[in-house]
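There are two complexes below, and they share chain A, which is joined by chain B in the first and by chain C in the second.
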Partner chain A sequence: MEILLQNFDMIMFLTLMVIGYGMGTWAEKRHYRSIEQREKELIKLAVVTAEGSFPDGKVADSTLVSGSVVISIDYFKRLLAILRNIFGGRVKSYESLVDRARREAILRMKEQAKEQGAGMIINMRLETATIGRSANKKKRVGSIEAFAYGTAIVMNKT
Partner chain B sequence: MKFTPKQLDENVNVSKTHPLVELLWLIGGLALIAGSVFFLLGVTTDWAAKKTPVRVESWLGNLAINEFPAEESPALQQRLDALLAVTPEGSPLHDYHFKIYRVETEDVNALALPGGRIVVFDGLLEQVESENELAMILAHELGHFAHRDHLRGLGRGLGLAVASILFLGEDNSASDLISKSLLTFQVKYSQDQESAADQFGVDLLTARYGHAGGATTFFARLAEDAGSKIPYVLASHPHPDNRIDALNERIEQKSYTIEKTLPVAKDLLLPQ
Partner chain C sequence: MIMTNVNTVPGKKIVEHFGIVQGSTVRAKHVGRDFMASLKNLVGGELKGYTELLQDSRKEAMKRMEEQAALMGANAVVNIRFATSSVAQGAAELFAYGTAVRVE
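Moving on to the complex of A and B:
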């Protein structure tokens, strides 16, 4: 018992690591399943980064649509990233995190556009931001925000 | 141009490496680097500790002792001098100018500070039941000086802290992790030092009294209070039982005899 108390912070660290890995992996798998399914459902709604030009009378309405999401890193991903900081190279543990955030943000934007009956989104842009300036500081777990916005076009029925 | 929606099966934005595999590689690399730094550091400080003149060490010790509320004890000094008189010629101990201090605390402990200063706590003196036991404890502390342990410990700890801050920055979880895991090795190292000091102690005790009586009795009393061995895996000192076993082995190997011990003389009895 005494030995457990003496090494309390080490045990705390390992526990957080195991929880981080377990929960993180589970949440990520679940999220990817949901992303893939919703992407399939919304695949007909085209999203392009081009400005687009339309013949007169073709566009009924155009509005700004946006979608944003905040995803937190877990202790395990953070540990991998910290260790990566020493050796350099690709921070693989954060790749899936940013990928999920971007795709989720685009999906939310598309869902908003669909509600308005839009046929396509043009001029789509993506922004990312870290939440909290302490995101990379000691003992803090940061989050990433991805923000997607574009112009939803409602076509005239012909 | 016709727009054809298509779902991509491959995701090029996410690496395929399994996170646990990556963790293993990173930890492995880190352990290799930290291990070799620690090893080099250990070799260098051991070497430096051996080469450090006693003069430099005394100067260091002067800085340390000012922090200690202790008074010199003539009674203990007399016993220490008797031990030093029987120290073999050529021992580095003869270069020191030893001073011994008493501190009024309940802790059962004695310390070897750099520069030939020994601190004995009153709690320890209360537990001592014979002159031989006291001589054994003092000889054990002299063993630390003979092996320059206090300097070596200082060097390793300091070197490790500096290296980890230099490489990883002051406020880094990785440096926390490294120092914690390396401290486990440090502990093993310090247990080895304690055992070596015990061996030195029993030799000196025998030289002083002509027999090894009282070498183990003090630890035997400690062992009764110490309980389970498990917490001692990470302690700086070995478990008293293990110390007794090692001492008995030494006594047998050198064929020391064990005779009757002398009771503690009046000049050391604590004022009641």
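Moving on to the complex of A and C:
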């Protein structure tokens, strides 16, 4: 019992790590599954980064659509990334984080466009940001925001 | 008000340019959200509070831009761009700008 109390810090740290690893991995897998499923559903809706030009009378309506998401990394992966800082190289744990964030943002944009009955999205742009310095400094890059926006085009039915 | 982020309004002709319009807002996170976010930081995943906060702020910035365009007598804003910067600890600035035009 005494040893437990003496090493309280260490035990706390290990518990956090295990919780972070378990929950983080589970959440990531679930998120990827939902992303893949929704991407399949929305595959018909084309998204392009080009502007494109349309012949007269083809376009009925055009509006700005956007989607955004803030995602944070788990405790275990943050630790891995800090370790990586020493040796350098590929930080895999962050790669999956930004990948998930961007795909989720694009999906949300597509969902919004679909609600408006749009046929395609042109001139899609992506942006990444961290909110506030505190998210950055105290606990390293804790969370990132991905933001996608574009112009949804509603075609005339001919 | 028609908003697009392409050079023109697809399917319509621009008849008059009014120049740049912009709107911005600075938002801070509140303590409750910050606390929940730090808990969520442990297990990872989406921080819904922050997502909502940023969406609301962007809407506000867009609204301000729209008001400015309406004052000029425009009925559309083209080539909209967004920018984010953190000005102070825990506060973020969201900024939207574009060109005000009048279409047919």
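Simple rule for what comes next: the second predicted complex is superposed on the first by the 150 of 158 C-alpha atoms of A that agree within 3 Å, B and C clash if a C-alpha of one lies under 4 Å from a C-alpha of the other, contacts with A are read in each partner's own complex, and residues count from 1 in each chain.
Here is the rule we use: a residue touches a chain if its C-beta (ideal position, glycine included) is under 8 Å from a C-beta of that chain, and two chains touch if they have at least 3 such contacts.
Because the structure is a prediction, the values reported are computed rather than measured.
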Superposition on chain A - do chain B and chain C clash or fit: fit
Touching partner for A:44 - first (chain B), second (chain C), both, neither: first
Contacts of A:157 with chain B and chain C, given as first, second, both or neither: neither
Touched partner set for A:96, first chain B, second chain C, both or neither: first
Chain A: partner with more touched residues, chain B or chain C: C
Touched partner set for A:86, first chain B, second chain C, both or neither: first
Touching partner for A:64 - first (chain B), second (chain C), both, neither: second
Apex chain A: angle to the C-alpha centres of chain B and chain C, given in degrees as a multiple of 10: 120
Minimum C-alpha separation between chain B and chain C after superposing on chain A, in Å: 15
Touching both chain C and chain B, counted on chain A across the two superposed complexes: 77, 139
Chain A - residues contacting chain B, complex: 2-3, 6-7, 10, 13, 21, 25, 36, 39-40, 43-44, 46, 76-77, 79-80, 82-87, 90, 92-93, 95-96, 98-99, 137-139
Interfacial residue positions of chain B with respect to chain A in the complex: 3, 5-7, 11, 13-15, 17, 19-20, 22-23, 26-27, 29-30, 167-168, 171-174, 177, 180, 230-231, 233-234
Chain C residues touching chain A - in the complex, by the definition given at the top: 2-7, 9-11, 28-29, 34, 37-38, 40-47, 50-51, 53-55, 58, 80-84, 86, 88-92
Chain C-touching residues of chain A, taken from the complex the two chains share: 16, 19-20, 23-24, 27-28, 31, 51, 53-54, 56-60, 62-64, 66, 68-75, 77, 104, 122-123, 125, 127, 129-134, 139, 142-143, 145, 147, 149-151, 153
